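Two complexes, one shared chain (subunit A), two partners (subunit B, subunit C).
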Partner chain A sequence: MNKAEVRHIATNYIFILPAVALFALFWLYPFLKLFQLSVFEWDGILPWNQAVFVKFRHFRDLLRDLSWWQSMRQAGFITLIALTFQNALALALALACDKGIRAARAYRMIYFLPPVLAGIVVGLIWNWIFNPFDYGLLNYWLTRIGLGHLARAWLSEPKTALICVAIIHCWRGFGWGFIILLAGLQSIPRELYEAARIDGANAWESFKRVTIPLMVPVFVIVIILTILGTMQIYDIIIATTQGGPHFHTEVPITRMLAALRGSSRFGYASAMGIVFGLILFVVSIVHIKVSQLVKQE
Partner chain B sequence: MENPIYYRVKKIFSSMFLQMFLVGVAATCIFPLLWMFGSSLKTQSTVFSDMSLFPKNPHWENYYIAWTKGEFGVYFFNSVFYTAVTVVCIVIFTSMAAYGISRLRMPGKNIIFYAFLAAMMIPIPGAFVALYAILINLGFINPGTGVDLLDNVIKRLGYILPQINQGLSLGIFMLKTFFDKIPKDLEDSARIDGCGKFGVYWHIALPLAKPAIAVIVIINVLYVWNEYLLAMLILTDKSLMPLQRGLMVFQGAHMTQYPLLMSGITITVIPIILVYLFMQRQIITGITAGMAKG
Partner chain C sequence: MRKTLLSIFVVFLIGLSGCASKQASTVESSKKVVVWHWLTDRQDTFLELAKMYKEKTGVDVVFELYAPSDIYSQKVRAAAQTDTLPDIYGILAEKKDFSSFIKAGHVANLTSYMEQNNNEWKDAFFIKALEVNIFESGNEFGVTPGIYGAPLDVMNIQMLYNKSLFKKAGLDPENPPATWEEFLEAGNKLKAAGIRGMVSGWGEIWLIGCFAYDYAFNIMGEDKVIATLRGDVPYTDPDWVTVFRLFEDMRDNNLLASGIVTMVNKVAEQAFANERAAFGFNGSWGVNVYYGMNPNLDYGVMLPPAYSSKYPMRVLGGPGGSFMVNNKSSNREKAIEFLRWFTSKNQQAYLAKETRNLPANKESLSVIPPILSHFADDMDGTYHWNNLPVVEKPQVTEMFSKGIQAIIIGEKTPEEVASEVQALKERL
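Up next is the complex of A and B:
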């Protein structure tokens, strides 16, 4: 290679320079920094060179931190609701729209409206529906139809707060599953249904023998996205319950934010982030492996 | 054979039932938004008693009050500014990088491409903690240059740069697959006409990639406009806050000013709903493209 050629190739790198520089500074560096932070005690105010090295103390503390594991269980509960209720709704709607029903495009447009809204906005709007007083929409309607005794402070009673947050989350999220499932359904060749019908299969049999097997990869994607998306829920909670009443709607991200903002414990928040990330990673891998086994059967 | 009328009736009923189900779900999607809009036009004294969806005497001045006294005008311009700068930078940086990776000779470019892909797939829910620490250490949070104007520029950069990074992976992934399909002849003829490699990128590749760029723009507009976490952590100055952050500040300070809060929310969602209505196709393409990587 001569000198001109080297220079020619060197100038090629100018094309990727801005992207790579930003990527290194704001993705790669934070990724590594997270592990470093997790073994230090640092408050974000002292100069970094005065941070105290504490080895794995944060991880040991985290194992015994009951409020952390409670937040994990609560996020898990919301995820369970999203996996069953939200995805069942999404699948039912997608199947209906795939049947060549009238105005399917309009439905598609409307169902994907909530997902494009910010979680903060969604939370603030739903605050009113679940408002504890008479003018809360849900309480108002319950009273109107004679079920006034059921009216309650939906978002500030321990019994109902978490389930209400889960409902808001499902409202915002089912459009995602719907869009992906519908795209999957529409990619199934119509001839397969035709062939199944000629072979004498009824609607249920062709659903079981044609739709389900072909949709397995799409189901895997939807389930993983639901788990990852729901476990990391935070904005709806910030806008509605802020973790209350009494930690009953705390989730991992809000715990991390509390560690950061209340007491500026960067190390502890980082340890939470690492443990949480590992759990999500393991769950996704296990899920992919299991679905591959199921597929081979 | 069974009675054909039985089948006809069954079919009509089942499709009626189906339509009712679909309409019902659609109504729950739209109703909260209509309620938000209607409430934004009521007054503080009627908002809790007037349960009509749209008030008889709409108080449009609520929007003026929210815009000025509620400072949603400031938040709105901040959101527009952050979104515009971030998205323009994402388009330029990702198209350059994707073009370089796709068409130019660069030892090691595949490793870089796979690094971007990996970043898209690995969830790091704690990244914001480290990002916040880095922004503090680099002086983006409290620049302390002594010049207010310069301080504000640096603080705004601290909010914009990490968000540009967020959009890199998907953009590079989508544009690279696009540039890979451009025939070599087209480039060669431009070269013969005297175009340098920047010329080919700018005059040939970029215009051809318009459909893909439209998708990238829309997806990132939605993302940046709706961002909250980083804004909450690093922006403490009202004059620098975007809409989502402003909404929470307003709600904290004027808990009971429901009509004004609803006006603020309406101001926040109207641009996003308009973008959505006009760009649905691109949004759905972008989502399915994002899926394909998984």
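Up next is the complex of A and C:
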């Protein structure tokens, strides 16, 4: 390699150095630091040299932490509701708007309003709806229509609290799915539908044989975003139930916050973060693989 | 080409150095005293006091408000890690974390200043207000004994009752329930009159734990409570089961408002101020909150009705907030001087008058409204978790309070909760 080539290569490296350094500083370093934190006992206040190395004790404790696994199950339940009802609603509305219903543009704006609201604001709105006192909207209307016996403290009863949180999350989240699905539907060439109609396909057959196969990549994106977004839910819970009653609406992020803020266990919270990240990673990979298989078939 | 490369390198270095620069407040600290706090309702009064101090001494004091309190708390922790704490700040944490701040060298020991001129500064405070900032010799955290903060105000948490709603339910507003039986009876009378019983922020687990501890002190006394924290008495002890059972009693006698287990204290305060519940379990800070929401609210203050006559009824109390001086600040002495002035009689009286909070300086009590006097009268009998010789592990405290929520919603029995809490304590 002559001098000019070395200079050429060095120049290239120098050009990418700022990007690499920023990536290392703001992504790679925190990521590695998380692993380091997870094997130490540290309260986040004492100097780092006073942190105690505990090997994999936090991971072992996590396996036995019932409230953690309960929070995983509950986040899984909300995700299941979001994957089914939320996305079914988003798809139905996207199909309706794609068919050119009247005022479709206005609907697009309205449906996309909840996702742009902060989780805390959404929580406040639904706190008022579910409020157990007489000014709670839901209980007020139940009473007005003669179903007063159904009125209850929706967010405080174990049977209803998690479902209510899931409903709030779906209300807030369906706009995202709607926009992505609508974009996907609009990218399907109209000629395919015309060809299907000429071949004698009715609306259902067009949907089954044209829309669904061409929408598989979009479904994959929507499903992955729904899983990742819902499993990481927390702001709505903070604004409505604080994880209660008992542990009935706790989710992984609220448990991490409890470990960090409630008891200053940075190492334990980091171990939770790693396990949670790994689970989401595995779920996403499995989903992508399954989707690829479905598409091939 | 060389020039281009050099320019890129310089821009990159400037970028990196920008990332590493310290906060403005620290750099400029030699010119002014910077105070960080979380007390939204007191910001205006603090600014007024800062103006007065500037006129008196020529020293600029800047109050920087960061709210809500959990965000403030995270900010202080992050600043401690990066050595960018301001000259004066408050620590919102349990005593163990407070001790970590001290051991990391972030908090000045104020003992010698407090003891100057025959304990002049120290003796001005209610001892209950100062206690939380004191580390005695032989403390379990290994902190050098001393006084590490100056209290701003004091608080305690008691039972409030709405006099108008009492009248509507046929209860005597001048003689609120004094025993547990009378309390339960009041719950049923209120229910019969269509009035909600009690509201409180029991979705925030510390407040539900506070209510339980009040009764633990009343039923088993301080020594047994401390023995439990030490691990010498199990939570399955009949006295603790009795404490847990009180919540079942309250639920069964219609004393607890619907939704109380997920209620945040702000919502509870609104409900009490708007006369939607007859009882409120809240701190002395509520006086200012209620005044802001409903100046005509007619209410009284009482100790939670005693369950047992064996031990006195005690309530949680101590400083509402304290300020610490940054030991590493180049403005340390200026900050201490300001804090001394800030917590002295006239300034405390001004603060108490403007914000309707109990002053930490006992010489300033004459200006407080009558309703606050009731809180002040019971200050001597208060306890505070951070003043007990042993502190419970946060995980156990969480299980304890969440367990009580489970009792209230009828999901678990007092015995089951007691066993679960004890099992967790033994495992940790």
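As a working rule, the second predicted complex is superposed on the first by the 273 of 297 C-alpha atoms of A that agree within 3 Å, B and C clash if a C-alpha of one lies under 4 Å from a C-alpha of the other, contacts with A are read in each partner's own complex, and residues count from 1 in each chain.
One rule holds for everything that comes next: a residue touches a chain if its C-beta (ideal position, glycine included) is under 8 Å from a C-beta of that chain, and two chains touch if they have at least 3 such contacts.
Everything quoted here is computed from the prediction, not taken from an experiment.
In the model built by aligning both structures on subunit A, subunit B clashes with subunit C.
In the superposed model, A:G44 makes contact with both subunit B and subunit C. Shared-chain residue A:F15: touches subunit B and subunit C both.
Of the two partner chains placed by the overlay, neither subunit B nor subunit C lies in contact with A:A196. Using the contact criterion defined above for the overlaid structures, shared-chain residue A:M215 touches neither subunit B nor subunit C, since it reaches no partner. Once the two complexes are laid over each other on the shared chain, residue contacts for A:P30 go to subunit B alone; subunit C is not touched. Of the two partner chains, neither subunit B nor subunit C is touched by A:A94. Of the two partner chains placed around the shared chain by superposition, neither subunit B nor subunit C is touched by A:A82.
More subunit A residues lie in contact with B than with the other chain of the pair subunit B and subunit C.
Contacts of A:C164 after superposition on the shared chain: neither subunit B nor subunit C is touched. Of the stretches 60-68, 78-86 or 150-158 listed for subunit B, only 150-158 runs into subunit C once the two complexes are overlaid on chain A.
On subunit A, the surface patch touched by subunit B in one complex and by subunit C in the other comprises residues 11, 15, 18, 25, 44, 133-134, 261. Residues 9, 11-13, 15-16, 18-20, 22-23, 25-31, 33-34, 37, 42, 44, 48, 89, 92-93, 96-97, 99, 101-102, 106-107, 109-114, 116-121, 124-126, 128-129, 133-135, 137, 140, 171, 175-176, 179-180, 183, 221, 224-225, 228, 231-232, 234-235, 238-239, 252-253, 256-257, 260-261, 266, 269-270, 272-274, 276-277, 280-281, 284 of subunit A are the ones that touch subunit B when the two sit in their complex.
Of all the residues in subunit A, the ones that touch subunit C in their complex are 11, 14-15, 17-18, 21, 25, 43-47, 50, 64, 127, 131-134, 152-153, 155-158, 161, 240-242, 244-247, 258, 261-264. Within the complex formed with subunit A, the residues of subunit B that make contact are 15, 18-19, 21-22, 25-26, 28-30, 32-33, 35-36, 39, 47-49, 51, 92-94, 96-97, 99-101, 104-107, 109, 112, 115-116, 119, 122-134, 136-137, 161-162, 164-165, 168, 172, 197, 201, 222, 225-226, 228-229, 232-233, 244, 247-248, 251, 258, 261, 265, 268-269, 272-273, 276-277, 280, 283-284, 287-288, 291, 294. The touching residues of subunit C, counted against subunit A in their complex, run 1, 5, 8-9, 11-12, 15-16, 19, 70, 73-74, 77, 80-81, 93, 96-97, 100-101, 103-104, 106, 196, 203-205, 257-264, 267, 271, 276, 393-395, 398, 402-403, 405-406, 408-409, 411-412, 427.
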